[in-house]
Structure formats: C-alpha cells, structure tokens
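As structure tokens, here come the structures.
Next come two complexes built around chain A: one with chain B, the other with chain C.
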Partner chain A sequence: MRVKVLSRNPDDYIRETKQDLQRVPRNYDPALHPFEVPREYVRALNATKLERVFAKPFLASLDGHRDGVNCMAKHPQSLSTVLSGACDGEVKIWNLTKRECIRTLQAHEGFVRGICTRFCGTSFFTVGDDKTVKQWKMEGPGYGGKEEPLHTILGKTLYTGIDHHWKEAVFATCGHQVDIWDEQRNSPICSLTWGVDSISSVKFNPIETHLLGSCASDRNIVLYDMRQSTPLKKVILDMRTNTLCWNPMEAFIFTSANEDHNLYTFDMRFLDSSVMVHMDHVSAVLDVDYSPTGKEFVSASFDKSVRIFPVDKGHSREVYHTKRMQHVITVKWTSDNKYILCGSDEMNIRLWKANASEKLGVLVPRERAAMNYNQKLKEKFQHHPQIKRIARHRHLPKPIYNQAKELRIMREARRRKELNRRKHSKPGSLPFVSEKKKHIVAVVK
Partner chain B sequence: MMSPLGLHYGAGCRHVDWPRAQSPRSMIGCGGRERKNLARSWRLHAVQALRMEAVAGSRAHGGSAGGGKKKKMTKKLQRYWEGPPPPDTPAGAPSKAKRRHNEKTRPRAGAEGSLQARKVLHGSEAAGQISGKRDPFPGAAPLPQHKVKKFQRGQKSQLAEVSSQRLRDHLALLEQKVELAVQQAARMELLLPEEPGFLEGDPGEDTCTIAQADIAEAADIASATKHFELTLNQFGPYRMDYTRPGRHLLLGGRRGHVAALDWQTKSLLCEINVMETVTDVTWLHTENMFAVAQRRWLYVYDNQGVELNCLKRFNGVLRMEFLPYHFLLATASETGFLQYLDISVGKEVATICTRGGRLGVMGQNPANAIIHLGHSNGTVTLWSPNIKEPLVRMLCHRGGVRAVAVDSSGMYMATSGLDRKLHIYDLRAYQPVQSLVLPVGAGHLSFSQRGLLAATCGEVVQVYRDVPMQPPHKPYLSHTLPWTAHGLRFCPFEDVLGVGHGSGFTSLLVPGAGQANFDALENNPFRSRKQRQEWEVKALLEKIPSELITLDPGQLGQVDAITMEQKHHERVERLGFDPQAKPAFQPRRKLKGRSSAGSLLQRKRKVANEEQRTKIRKSLEQQQAAEQERKAAPRAQSSALDRFRK
Partner chain C sequence: MAEEDLFRSDHPVSASEDEGDDNEERRHHRLLEAVSSLAGRKRRKLTERTEASLQVSEFNLSCEGAREKLVLPELLGSIRASSSLGIVKKQLNRVKQKKSVELPLSKQESERVVREAAYNKTSKAVAKWEQVVLQNRRAEQLVFPLKQEQMGVAPIEEVLTSWKARTPLEQEIFSLLHKTQQPVTDPLLTPLEEASLRAMSLEEAQLRRAELQKARALQSYYEAKARRKKKIKSKKYHRVLQKGRSRKALKEFEVLRKLDPEAALKKLEEIEKSRIEERMGLRHQNKGKWARSRAIMAKYNLEDRKAMQEQLARNKELTQKMPMESEGEEEGDMAGEGLLPDSINEVQPSMDGANPWMLGKPSSEAKDSGMQEDPKDPRESVAQEDAGSEMSEEEILLQDFEQRRCTRQQTGSPEPEGAGEAEEAHLFVELLSNVQTGPGVEQPAQGPEEPLLSEQLGRRCTLEEIDALGQEEGAEEQERPWPTRTLQKSEEEGCAGGGHTAKKAPKQKMINLQAVLAGESHVIQCPAQPVSVQNEQEDEAADQRLVIKEAFAGDDVIADFLREKHKVEQAGKPQAINLVLPGWGEWGGTGLQPSARKRKRFLIKPVPGPPRRDQHLPHVIISQQRNILAAAHQVNEVPFPFEHHQQFEQSIRAPVGPTWNTQRAFQKLTAPRILTQPGHIIQPISAEDASPQSTVPTRGGSAALAPTPQHSRHHQRPHKKAR
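Moving on, here comes the complex of A and B:
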C-alpha cells in the first residue's frame, strides 16, 4: 500500500514573526475562483460608483484680476507658471503650486487681446487694444526697477491675437490680416490676407512648424504656410469659428470652436468633411485647448461651463461648472496632462483636475495596482447598462439642462421634418447629408 | 537549421542580471509577478547547469580548440551590452560562421519585434563569443497543451468577421494579452508547493479493503491525527458542516447539542444545548457565525454560542445551504417553502412555494448557486431566487429522492433514491451519464473538491472515484460506522471526510479528496484574525446580488445580441435609413469608352452576381455540414417513429 495524505507544514504558510509580511500563496486555478464574471461585474460597478464619489475636480481659484480674464498662456519650461491677461490691460503671472500671483504688470490700455510665451520661456509677447505688440521679460525687474517692455511695436491696426513659432524667433499676429514678424524687426516679414474681414485667432502648428491656421469673422478657417506668400486654403462653415487648436501629436488634425455650439475636428488635407463633430455645449464655444497627449481636448463656452471631449467621440466625457463661474473665455490644459485652467468673465482663473476622480499626490504601489485594476474593470464592463448609466451621469445647472433639452427637441423636430419631406418626395432627390458635412459650406483653395 | 542559439543564451544572460537587480528581501513576500520571475529563473538555473555540462563536455573532447578560446577570453572580455564584436577578430572562418548564425537568428528574433527580442539578440552575440555552442534547449520552455487549456476561457474572437480595422487591431491586441496571461498562469503551476494525496493498493489489493487505521498508520503523524472519532451518544444523530477554509467544524445533534470547534487543534469554540430539536446546522460566511434550524424557527449564533438572531419567518426548516458569494442562506422547510435570507443585511430575498411537499433533500451547485431540491415523487428541481417556478424539473428516480449533490465544477449531479439507485447526471445536457445500484441505497451524498463522491448506505460510508467517467464496480474506500450516518461533508483543502452519525462524529482519511493548493485571497485555512477581517470586508464589497443567479453565470460577460439587434432596428426606424448598411456598388468611371451604359450595367451585374454566389455557397456549406453531422451522430435507439422526423 502506498499512501500520501495531504499534510501542510504550517511554517510554510504562517509568517515567522510579527514583523514579516503575511504569506499569501496564490493558485490561479479557475476551479478555485467561481463566479468570475459576476464578481468582476460587481467590482466594476463598485469602482464606477467610487469614481463618481471621488469626482471632486475643482482645486483652486486664482483671484486677483480686476476685470475679466481674456487670455492665458502656459510657460513652456515651468509647469507651475501660468500667465494671464485681463480686460483692463493687466497681465499677471501666477505660481500654481503656491496658488498666488507672483507678478503684475500693466501691459496695455484696454484689453489684453492675446498673450504668448517664447519657446525658450525667457520672455513673452502681448497684444492689446492700444494697437501695440509688446515683448516682456519673464523675470520681473529688480527692486525699485520699473516694469518696462523689452520691445514695443506700434501697429497701424488693432491686433486680436498672437502666437509664437515653436522653434524659431518668429511670431504671428492677427487683426485685419495675418502678420508674420521677425522678433528683431519692427515691421512684419509678410502679411497674409484673404478677404477683408477681421481675423480673431491665429495658431502655429506645433509639429509642422511652418503651418498656421486662423479663423476669421466671415465664418472661415484659413490655413497658411509661412514659406509661401499666399494662404493655402480655407473652409467656410455655417457660423463663425472663434478659435482653433492644433493637435500636438497629429500634425494634420486641428479642432475649431464654433459659434453654433459645436466643435469641429478637421483633417487639414480633407477639409470638405470634418473628422468629428463634438456637440454638447448649449452656447457658443469660445476657446479650445488640446491635452499634451493629443487624445482629448478641453473647451470653454459662453454657457458658463467647461467640457472635456475625447478627440474621437462626439460627446463630452466631462463637464465642469460652479455656481460662481460666469462665461468662460479662455481655457488651457497644462503640459503635465493633469490640470485644466480656465479664465472667466468674473475675474477668476480656476484650476481643475483633468481627471475628476484622480487622487493627487504620490500613490503607494498597492494603491496604484488597485487603481489600474479598477480602471481595466471599468473599461471591460463599460457597456453594461447599469454601469454606463452611473458613469455617464453628471449634474448640470438648471439653465444648461433646460437649454440642452430644448436643443434636443429642436433637433428632433428638424430631423422629423426632413424625414417627412423625404418620405413624400421622389426617392433619391433628397440625399442624406451626414452631420460631419452638413455644416461645411465650401472649401476654397 | 533553425538556430535558436540566441533565444536561449539571451535568457541565460538575463538571469545573470537578476540577483543583482533584485534583493532577496523583495522575493520573500512576492506576489504573482515575482513568483513568475522566480519560476523562470529557476528554470534557467536548470538550463544553465545543463549548458555548463555541455560546455565542459566539449572542452574535454577538443582540447586545442578550448585552449584557443581561453586565450581569446583572457585577451579581452566581450560583454553583450558592448554591441557586436569588431570585424578583425582572429580566425576568419569561425567568425564567418558566427556571423551566419547571427544573420539567421536576426529575422527570427526581430519577428517578435519586442524589447525582449532585441535583448535576446544581443545575448546571442555574447553567447557566441563565450562558448560557441548551440543551445540544446531552444526557445521558451515547452508548455503542455492540457495545462494551458485549464486556464483558457471562452472562445477566441473571430477577427476575420470584424469589419473595422481599428476594432480588429484592438481585439488582436487583447487576444495577445489574454494568451500571455494564460501562459503565465500555466507556468505558475510549477511553483505550487503541495501535491495532492493518493492511495494505491499493493498488486491484487483493493483499496476499499484498506482500513482507516492502516491509512492513519501509514500516513505521517500530523495526518494520522485527522482520523478521529467523537463519541457523543447522548444527543445524536449529528448533522455537521465545515467552514469554507476547512478549519472549523460545526456539529448539531438532533436532541439540541450544538458544538463548534477548530477540529485540527481540537479546541472548542462553544458548546451549547438549545433545548429543542435541531434539524440542520450550517456555518455562515466566517467561523464567527452559524445558523441552526431548530424545531420551530431558525436561529443564528455567534462563535461563543450567543444567540444573535431568531428568524421567525423561517419556520420548520429542514435543510439549509449557504451561498457564500451571494451571502444568501437558502432554507427548505417542511411545508414546501424555499426561502432565501440575505445574511449581510438580514433581509428575506425570496420566498418560493415549491409545491413539492416536505423538502428534506437539498443541495447547491457551487458553480452557479442554483439550489437543487429532491422531492418524494422522484423529481429534482432547480431553483434560483428570481423565479417562482423551477428552472428545471428532472425526473430522476422511480421512488422518492433521498440525496442530491453537485460537484465543484457544477457539471455533474449525483442523486440517490428510494429505488436504491445512484445516478450521475450531466447538468449541461440534463442527461444521466452513469447509474449504479447500491445494496441499501445512499442516504447522503457529497462531492469532494477533486471529484470524489462519498455515499452513505446505512452505517457504511463508501467513496467512489471518477464516477462521471466510468461506472465504478468497486468503491475507492469503504468504512463502517458504529451507527447510521446522518450528515456527510468533505472537508475543503484536506483529505478528510466528516461523517455525523447516531453516536457522534467520525473524521475519515480519504487521500486525494482535497484541493492541495489553496488561494489565500479566496480561502486561507491558515489565515490570521486580521486577514479574516480584511477578507470579510472585501467579500462583502463584492457580494453578488441575488438577481445575478442564473444557470450560466458567465452570461453576464457575453454580448447581448438580442438587445443590440432591437436597438439597431429602432435606430433604423428613427433615422429612416440604415447607417450600417453597405452602400450599393457604384462602378468607377473608366476611360476610353468603357463606361458606356451597357458596360456599366454589366459591371454592376457582375458584382451583384458575385455577392449572390458567395451567399449561396455559404448556405450550401452550412447545409452540408448539418447533413454530415446528422449522419455522423450515432442513432441511439432507432424508433419506428423516426421516419416522421425531418
């Protein structure tokens, strides 16, 4: 007879001293882990609920401006520095870690229309209502010194926006035309015009650094190549585009913030159809900024809310609002992909988390592992109705909620009408036009 | 000649790095990943040792060549991280051969395209420098298919059918990750510390003739203490239950004696007499609480014997089953009611009138938490708390059903009846697979974790092995009790079968019954108080709602095709067109008069015909496959009515 009876030595399973870690022998045999799917589902449900519980995105409000915040700029080198220009011509430089203003300067008479930093982070440029372009040093003057710009360029017309080249000592302004300036000169290297209307914003492409995009009040978006003397092409939309932002990871892609409550992502090679229409705002979209990963962007709207959209989704994944926040004029996504800054009408800059339920600070490895595991579970079960419902739910202020409802009814009515019209006309005479093409009037080369 | 040189030596080099990179302390409390690394490093140790031997052998044979190499080694040590050797190394012919080696390994290593592959490549160069021998064990260690199969779940996704390129890439990546996880889990098996028990008789000796005393004598001392008998002949017969980690035992004598104890150390937790008839006892989720079904009502006690709760809505309970993942206590009463109590919140989840008479036979399916009830008319019914009707009703016996048990995989059910038969049913098809006649008929049945079936026939306990596979003509073990058995349970994670009977309790040794290696995050027999508390919190957090009890617990992870279809249909109706429809073929405009109206029509027709043809071909193939299947399937019993079948 040969016999072996299961007999475990407790020393192999119990820790020796109280200072040791507990021993946790694992066996991944599926027979020992019944109800795999239901248990994972319950875990995913709990993770989703906890995510909503911990969703506290608002971090701080930077107050100090004496008028509405009109424009902001990120520091290219320092994550903790941000610059803002207000409607009274004041520019403030903020330290985000201390959440305080470190420098204030009276830059212009009237609005500060645009602000941008030089790629090296040593100086910044502002344009204002007083028809000047000013270059400032990033460091303030010493004790007793006077706040003086490095350079001042007196222009003939009003400037409404400014952006700096990402690699060279060149910047572009917009107003009646797009001007491209060398930093050393007092007159533009070249002026680009197409039509006669005023241009509200100009942006350099961060990858193909010679390319620029601008949007004008005659409802068009014009693309330029700095090396040519004429613009490349333009697309005319239904309504005016307020500003645009290039995708920092994909050179061809840019997103424009439109007056018709939507954002349009375009591929600059194929402007006859937008890549994606992002709808959710209930009022004009005023500003847009990409996350450094190029996967998401944040938009600021006149409806007093900030929304975060994935680039490839038509609807926002997040909406931020507070009771006190008024029309949001400018928004920025910080370069560490963690925070969002928005400047609004009521003189405040607000700091938000980009991921509402993220835990700030250092995570212990177990915490991080649990977080990753929960993230994966949420992803796995995201389409289950119960989980989807909880993950999607956001509280909205009553005006936005009602406005959204109204817009939905209007859209439904329009769709129904079109359906009826199609039903009673000759088949094929009313072609289906997709939402991506519907708002594009023409592409001109 | 597939030169696997690189792969293996690369791995060897990686191993050399490890002890430096990882301090031994981090390996003590290691989780799964480190363990895997350990496994690999262990294997590599072995392989490296072999390689050393091979090298030594070659030295012994070709003395001069070895000497030459030694000289080169002393001249300059070439490290693998320093890149390829300079082209002017001595001896033109060997270096050429080496280069050829490298050329051959390169595409193979590059095909994987990973960091690992690149590392491996460098390793091969280094290895070529050091010994110049070919790897006797190329590639990763082989993994037998049956080991991998154990960890595979579901089917592979059909990538060819996916229309979107992005989705296809995503699924392919997912598939790759799943594959890796499965392989790693299978390799992990090697590290499991314990081996299951076994019992083998001498040639010509039946294992069923071996007495418990002999087994206890032959086994080690610690195991021998697991065979014991408690003589309690005052309050019997006894019902009994083990906790899920298998550490604690609960005894309930019919005349009111209830005792809870740690049966391994034989230390008593509590002992009370409830002064009332006890019909059944069961542990709740931990060893801190147990439920006792008494003559009138159901009571919950803690491990000190203090009465925590008296549930008057549960009266006349005859049998109880605790569903651990749902925190449900299912009770069957003499009036034919099946009741579910959620013990985490103390709420009655469901009360079902089974209309099946007195419910003295009950079992649970541990794989899907379905309750099996046996009735006096020979039927077994399957119940979930969500439906007031039985999910399945099976006619199993000609007489009444005496006992029901379901094995841990949830695939086989054993039933015994008054007709003295023991049937094994396949629960996937609800078909009997085996049946045997027992001389007295089994009064109690129990499956062990590794699939042994214990049955009590009066005072004889018999244990059968591999019952679903072949009809056993002899039991695996047999033991005669001093009195008729009244309760029967295998102890989890131990080779122990507990039997409660008229004069107490007997603990029997059944080698090969228990799962050898436990998972400490699931059930840990050695858990401390703190670990138990932590486990309790986690278990409560992931309590499965009772609504999710279905016959197939994996259903939740499948695509809900019906709802998807319906939603699509609604969308089409709302939009007035099908957004997913394939656009009609529009012939491209071609030059030189080939776009006349006639040729356009011809091209359109050609495409349409091709589509039609593929459709027809597919349906024909399906028909043929069905036909073949029908022909291949053996006709069980040809009946005269077969000619009416389609």
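Moving on, here comes the complex of A and C:
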C-alpha cells in the first residue's frame, strides 16, 4: 500500500524576492465567477465615468505673441520644439517642455503667411505678406549677432503658403500659382497653374513625396505632380477649402477643411465622391492636421473650438475649447501622437493632450494593464445607452451649443423638405444623392 | 522596262494634239524599241526635248502634257507588280490613303490630355499602397514608430569579433587560445586538424572512413549482443555458459601447464586462493534461504532431497583441504551440477499440484460472484458507516502486512546458483501476483481459507485507518496465528458492536465472505440495537415531515403555483382583436347578434407568439415582459459593425477581464490597437516600412506582451484600481 502525501513544489508559492507579489493561485472555472457580463458592465460604466472625471486635456498656454498666431510648424527632429508665425510678422520658436519661447525673430512685415521646417530640422522657411520667402537657421545667432535670414527670395506676387518637400531640398509656395523651388535657386524650378486664382495652401504628400495638393479660393482642390510638373485633377466643392492635409500612413488619402463647417476626406484616386464627411463644427474649419498614426486628425475652426475626428467616423470624438480661446487659426498634432497644439487669434498657443483622460508620464505595468482593460471595456460596451451617454457627453460653450442645435434643425428641415419633394414628384425624378457626393460640384480633368 | 511602259501609256493621250508624221515617227520608234526589247537587252532611253517650252521639268520629263493634270490612280494603275517599283507603289498607296493633317489641339485641350494621362499614371502608382493601407486598417495592433530596431539575440560571431581582451588574464587566455589556434568562431576544426584532413587523399580518406564505419558497426553489434546476453534470465543458459567457461579455463590451464609451468603454477595459486575464499564463506552450506526452503520440502520431495545432498557434497568437496588432484573431481562435479537443474526444471510442472503455495490461488471471479450472492440485510447495509467495521478491517490489513513480511523473509534474496532457484523464483512471482497471505509453511492447510486481497485501483483505507493501524501494530505483533485470531476478534467485535461484521463485506470486496464466514457456522446473531437506532433516526425525519405538513396544512402551494402559472400563461397570450360592428350589412338592434359569418370575418386571430421559455419547466415562471428598469441599460438595435444580434450578444458575453481569463489571454484580449512609444517621433510610412509592415498584424498580441513579460504576475487584478 502506498501512502500518498500532499506535496507542493516550493517554486509555486515561494517568492524570489521580498518585492515580488504573492502569487495567488486562480481557478478560472466559470462556475466560480458568475455574472461575468453584469460585472464587466459595471466595470465598464465605472471606467467610462472615471474617464470623464480624469478628462483634463488642457496642459499649457504659450503666450508671448503680440498678434494672432497665423501659422505653426513642427520640428522634424525634436519633439519639444515648435515654431509659430504671427500676424505681425514675428516668428517664435518654443520649447514645449519648458513651455517658454526660446527665440523670437521679426521675419516679415505684415503677416507671416506660412512657415515650414526643412526635413533635417536645421533651418526653416517663412513666407510673408511682403512678398518674400525667407530661409532661417534653426539656431539663433550668437550673442550680439543679428537675426538674419540665410536666404531671401523676393517674389513678384504675394505668397500665401509654403510647404517643404519631405526628403529633398525642394519647397513649394503658393499664391497666384504653385511654385516649386530649389533651395539653391532664386527662381522657381517650375510653376504649376490651372486657371488664374489665389491658392491658399499647398501641401506635399508625405509618402509619395512628389505629389502636392493645393486648395484655391475658387472652391477647388487641385492635385499636382511635381515630377511631371503638371496638375493632375481638380475637384470643385460647394464652398472654399481652407487647407488640406495628407494622411501620413495612407498615401492616397487627404482631408480638406472646408468653409461649410465640414471636413472632407478624399481618396485621390476617386475624387468624384469623398470617402467621409466629417461634420461637427459649427463654423468654417480653418486648419486640419493628421495624427502621425494616420488614424485621427485634429481640426481647428472659426467657432473657437478644436475637434478630434477619427478618420473613419463622421463625427468628432473630442472637442476642446476654453473660455479665452478665440478663433483657432492653426493646429498641429505632435509627432509622438500625444499632444495637440493650437494657435488662435488671441495670440496664444495652447497645448492639449490628444487623449483627454490619459495619464501623462511613466506608467507602472499594472497601471498600464488596468488602463488597457478599461479601454477594452469601454470599447466593448460602447453601444450600451448608459455608457454611450456618459462617454459622449461634452460641455460646449453656449454659442457653439446653440449654433449646433440650429444647424441640426436646419439640416432636419432640409431633409424633410427633400423627403416631401421626393414624395410629391415622379418616382426616380429626384435621385437620392448621398452626403458624400452632395457637396462635390464637379471634378475637372 | 516598266518605265517604258509608263511612257507608252502616256503617249496616246499626249499624241492627240501632235502632227501625223510625228506620230508615225513615234510609232516607228516604238516598234524599234519593242524589237530591241525582244532581244532581251534592257535599254533606257531618255526622251529628248525637241522644242523650247516654258515649263521645264527638272526630271527630264517632256512637258508635252503640261497643261493636263496628272492623276495619281492613273499612274498607279499602270504600275505592274515588279520588284524594283514595289516600294514606290507602296509609298504612293500610302499617300493616297492619307488624309490631310488635322489642326493641332488648342492649348487647353492638350493640357487636359497631359493632365489626364499624368493623373492616370499617378493614381496607378499610388494604388500600390492599397494593400499596405488595408492591412494597417485591419491590423489587430499597430506599433509605432514602424521602424523598430530588432531586439534579437546577436549571433555569437558578432559578439566575439566586437569583444576585445582587456584585462591581463583575458589576454593571457587569448594568447593561449591563439597559440593552439583554437577556433573561436564558426569553423569547428583547428588549422592543424584541417591540415591533417588536407594531407589525406580522397581515396585514402574514403577507405579509412569505410574502415572506421565497419569497425564502429561491428562494435555496436558486439555491444548489442553482449547486452542481449546479459539480459538473458535463463538459469540454465548461465549454467551452461559457466560450465563452458570453466571447461575452457581448464583446457587453457592444461595447455599452460605444458607450455609454461611457471604461469601454470601462478594460475594454480589463484585457483587455490579462490577455494580458500570459498571455504571462508558460507556458500554451499545449506544455510541460504533456498537451502532452508529445500530443507522443508526435502521431507516430501525426493528431488529436493537430491538437490540438497548435491549441494552438501559440493560443499564438502570445496572445503576439503586437498591441494592438486581435486581438479578432475571438480570437473565431474561441475557436470553433475549442470545436469541437476535440468531435471528439476522438468519436474516443476508436476510439482505444482502438490505445492501448498500454489494451492492458495483462488479465482477472483468466484469471489466476486460470492460477493454478489451474499444475502445482505438492508439494515446492515444502512449501518455501514459505523466505526466498528474499520477495526476489523485494520486488523486484516495488519495481518496482511505481517504475512507479507514473512514471505519476503522467506523468499527474499534467493541463492543464485541453488538447484531449485527457478522454482522458487516462480513461486515468488506467483506470491506477489496473488498477494497470497498464507502465514507460512507451518500451516499449509489454512492457506486457502485466509482472507485475500484483490488488487484494485481504489484506495481501501483512509489515512485515519492507517494511523489507527500504526497504533495497534505493536499490540498485535505477537499474535502469530493470524487468521483465526482475527476472525475470532472480528466476530467478537461484531457481536459487541452489534452486527458490524457484515458491513465490511461491501466495503472491502477482497475478503471472500464464503471463505471467511464458512457458511452457517459464522452466521452472526445480530442484536436489534442498531436497528433501533436506525428506527429512531427515521422517526425523527418522519416527525419533522409531519410538523411541516401540519404547519402548511391549509395551503396547497403546488396547486397554487400551477394556477398562477396558468394565469400568467393566459395573460401572456396575444388576444384576438374583435372588429365586429353590429348593424353593418344586416339588421341591428337589441337581441340581434351579428351573424356568425361576420363574426368570423372580423375577428382577427392573433399569430401565436413564440413558445414560452418556461414551457417545459413546471416549477418556474419566466416572465417575458420587458423590464423597464433593465431596458435603460440595454441596447435597442444591433450596432453597426455587427450584422446579427447573436454576433453582438456573443461579443458581449465573452468576458475579457483577468477574473475569467488567464494572464496571457487577458493581455492578448486587452492589447491596445495602437501602441506608441513616448518620446519617439513617428515618421510617415515609407516604402521600407511597408514591406516589414506586412508582418505587423501577424505580430498581433505578442508585440503588446513584449514590454511587460517580467511583470506578468503583477497584472493579477488591475481592475481594482479603476473601481
């Protein structure tokens, strides 16, 4: 006969060090842990509430400009550096970690219309109302030195925007036409025109770097190919497009910020219909910038708010506003996908968290696991009415709220009218036009 | 020739305006030409310009038909297919087909064409990103920045080449290594070895290799054979082997004696020494276990007696002090010894019947059947749980231990070269297999009657029993005649405890009841004591039932419930809608009923609803009414990505928390869609990223797990914090 004795392996229950947590043996038998759905539901509800509790996105306000901030640029190599140009021709370089201005220079007379950094981060370009394009060194002059641009190009016409190529020493300006410049030359290597117009913004495609997109004041968006030095296609929308931004992860996708309160995401291969219409703003959208992951973008609007949209959703997931923030002219998403910068009329640059309730700083692994779990729970139960209600709730300034309500009513009225017209006309005579196509007037080859 | 033809066709047209003699002259000329052409000589003749003209052809053509328009088809038609003019004809044909060149496109138009072409080209070029984009959109997890430096293990060569000896010790070791030219990295052979390898020619090397292979194979065969031989258990074989060996040794000795007397002497001494050792030891003295057992058997068995005598003789012979001449006798003895076991082996099967050890093997089936046949008193079976039965059980177990010890003492360490060894081994094996618990040879008759253990998988005694056993062991050690004692004891206890003996029957099947209780003589007179206890218990239960019955005498709960359920069912059924209006289409008034046809026509029967969920559950009412309070938390419609409510429900039903999932699964389930590293700049995707990018989705959760493998234990209950 054998006598069986309970025996355990000490490795299973003895800690290696004192700091180790006691190992708790778990039994995952579902019978021992009943009510999994209700329990998780409660957890999700709590997580959602806590998310709203912790949602404090505003981090800092960078003040120092003496006029409205008109344009901003990210430093391509340094996360803590950002450049901004104001309406009085002043350019400031900011240190975000210290939240202070590290350099100020009077770049232009009149507005600084556009600013962009060179891909290597050693210099930056500005264009201003004084019809000049100036190249500046990123480092300031030594003590007692004068702020002098590296190069100054005197143009014939006004420049309204500038963007630098992502890999080569080439930049593009826009004004009456899109000019492509070599950094070494004083005249453009090619000028791209399609009709006579004033072009408000030009952007290089970050992936297919020879592609450019521009938006002009005659309500159109024009695509160009730098290598073939020809425009490619033009799409005319209902209203003027203020600016556009290419998706940094999807070569053929770009989003345009329109005067008609909406943003339109296009696939450049199929311009006759937008991929998505993003509507939540209640006034003209002035600027848009993609997150470096290409999954979301941030938009700045004349309605004094900043909104964050997922690329594949029609409505924003977040709206940022403060009492003192005026019309937001420019907005940038930092390259580490963590922060948002917006420059507004009232001379301030504001720093926001991209994820409002995110805890900044280093996370303990347990903390991170808890965060991931909560995130997953929120995602899982996002359709449940109670959770949805809490997660969607945002405080809005009264003007925006009322305006949104009004717009909703207008939209509803329009919809109803169309419905009635359709009801009282011959079937098929009023074709249904989807929202994605409704705002596109024409595509010009 | 063709050229001339061409002119010939021209002439009639142009000749119409000229004079007649001219015409004649020309005709003559033509005739001459024709004649000359008949001769086969090719002659080109240029027409002469005979008169001044305003229009002078530069091609020496006469301008006779200057005012006439030359029509191309006329020219062409006259050209016959000929090799030299084929090209010209073709060109002319082409000219004929060509239309006038269109006007160049307007600037806008041409630009448009260029744009369209460029756009098509570009969109095609951009479309190559389609796959990457789709993959990234669908990816379970994306890790940014996309360019991740590989955190793999560097190959040893790399590490070694980058490593330098710095300390003196290291340098010394390195110098030593380099002196011997020990390969540090990949090549496993030293230069010396390589050189030696190179020194041998190919054929030589092959030969050598074949030889080595053969040798190796032979060695392995030999080893296998030796192993096989070593494993052989047959005593006979070993005996024969030994005999052969001794014979061989003897032969060698003989040879040695002839050739080398000194060596023979030495050998002899060795033999002598072994003999002395034998004398010193106790072998062959009838003291071993085998011998003792033989001694017991010798009384009855002639063979055994013979074997014993054999051994004694051998002993005597070995211990005899006789120097040289014993060799021959020894040899004879050896032969005798060799013969003996064979006879024993032959006899063995016949011995089985007489062997008392063999008798005690009862068939287990018979026992089991006996068990089943055993008439059981229900009362006794009810009272099984009492402690008294365990006592007797323990005793039997104890007994068993003791007996086994005895048998082990008897059978253990059998003599290796004893005559009846095989038999004994057989016996031992049988003993083990049957676990026969006979006390010994002293009481052979009692063997079969003793309680036997049948080997079963189930544990027969608990820990307490073993403890109790330990306590009792000391007291019961001296009680030698086990079976009778225990039986008596058990009987006594059975009487004292009140009919507990029979209880052990179902508990331990190994005890053959028939054998133990030996029919009627062992029938136990059970007093009524336990029965009364049982009755008391039963009474108590009955009392309680009665009390409950009395307490709820008035209300028939079950019937009430059924009624209630029926009511609920009826209420839950959809009602028929009565749309019958009296008077329409027929006479109305008091006392007049609408016609049956009309009633049937306007009574809208409801569609029978889905079957109730408590349809087959008689004791349950499941309310299928919507709970308003719960509805506030319920999803009204199937949300977008899901196509069916079942999909959605499934997604909700599967828990993700660590309470329900293992650590690994939890981490996988909660891995975030996008992972970014703080303080890292995420560059736009590039063509270099795109190709490894394809592996990102497959990396999936593992990438998410990567940062926290060492902390996996700390994730036990992360939700605590959130709550």
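In this text, the second predicted complex is superposed on the first by the 422 of 445 C-alpha atoms of A that agree within 3 Å, B and C clash if a C-alpha of one lies under 4 Å from a C-alpha of the other, contacts with A are read in each partner's own complex, and residues count from 1 in each chain.
We adopt the following convention: contacts are C-beta pairs under 8 Å (C-beta built on N, C-alpha and C of every residue); 3 or more make two chains touch, one makes a residue touch a chain.
This structure is a prediction, so every number in the text was calculated from the model and none was measured.
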> After lining up the shared chain so the two structures overlap, which partner does A:41 touch, if you call chain B first and chain C second: first, second, both or neither?
Replying inline: both
>> With both complexes overlaid on chain A, does A:119 touch chain B (first), chain C (second), both or neither?
In response: neither
>> For A:269 in the superposed arrangement: first (chain B), second (chain C), both or neither?
In response: second
> So, does A:3 touch the first partner chain B, the second partner chain C, both, or neither?
Replying inline: both
> Is A:27 touching the first partner chain B, the second partner chain C, both, or neither of them?
Replying inline: first
>> In this superposition, which partner touches a larger number of chain A residues, chain B or chain C?
In response: C
>> If we overlay the two complexes on their shared chain A, which of chain B and chain C does A:58 touch? Say first, second, both or neither.
In response: neither
> Looking at the overlay, does A:249 come into contact with chain B only (first), chain C only (second), both, or neither?
Replying inline: second
> Can you list the residues of chain A that touch chain B in one structure and chain C in the other?
Replying inline: 1, 3, 20-21, 23-24, 26, 28, 30, 33, 36-37, 39-41, 43, 46, 384
>> For a test of understanding, state which residues of chain B touch chain A in their complex under the given definition.
In response: 28-29, 31-32, 35, 150-151, 153, 185, 188, 192-202, 205, 210, 214-215, 218-220, 222-223, 226, 325, 366-369, 408-410, 449, 493-495, 509, 511, 514-526, 528, 530-531, 541-545, 548, 553-557, 575-577
>> Which stretch or stretches of chain A touch chain B in the complex?
In response: 1-8, 10, 12-14, 20-43, 46, 384, 415, 419, 422-423, 432
>> Under the definition above, what is the set of chain C residues touching chain A in their complex?
In response: 111-112, 114-116, 118-119, 121-123, 125-127, 129-130, 133, 136, 142, 144, 397, 460-461, 463, 466, 632-636, 639, 648, 651-653, 655-662, 666-667, 669-672, 674, 676-686, 707-708, 711, 713-716, 718-723
>> Quick check: in the complex, which residue numbers of chain A touch chain C?
In response: 1, 3, 20-21, 23-24, 26, 28, 30, 33, 36-37, 39-41, 43, 46-47, 50, 76-77, 79, 166, 206-208, 211, 223, 225, 228, 230-233, 248-253, 268-269, 292-295, 335-338, 362, 365-370, 372-377, 380-381, 383-386, 445
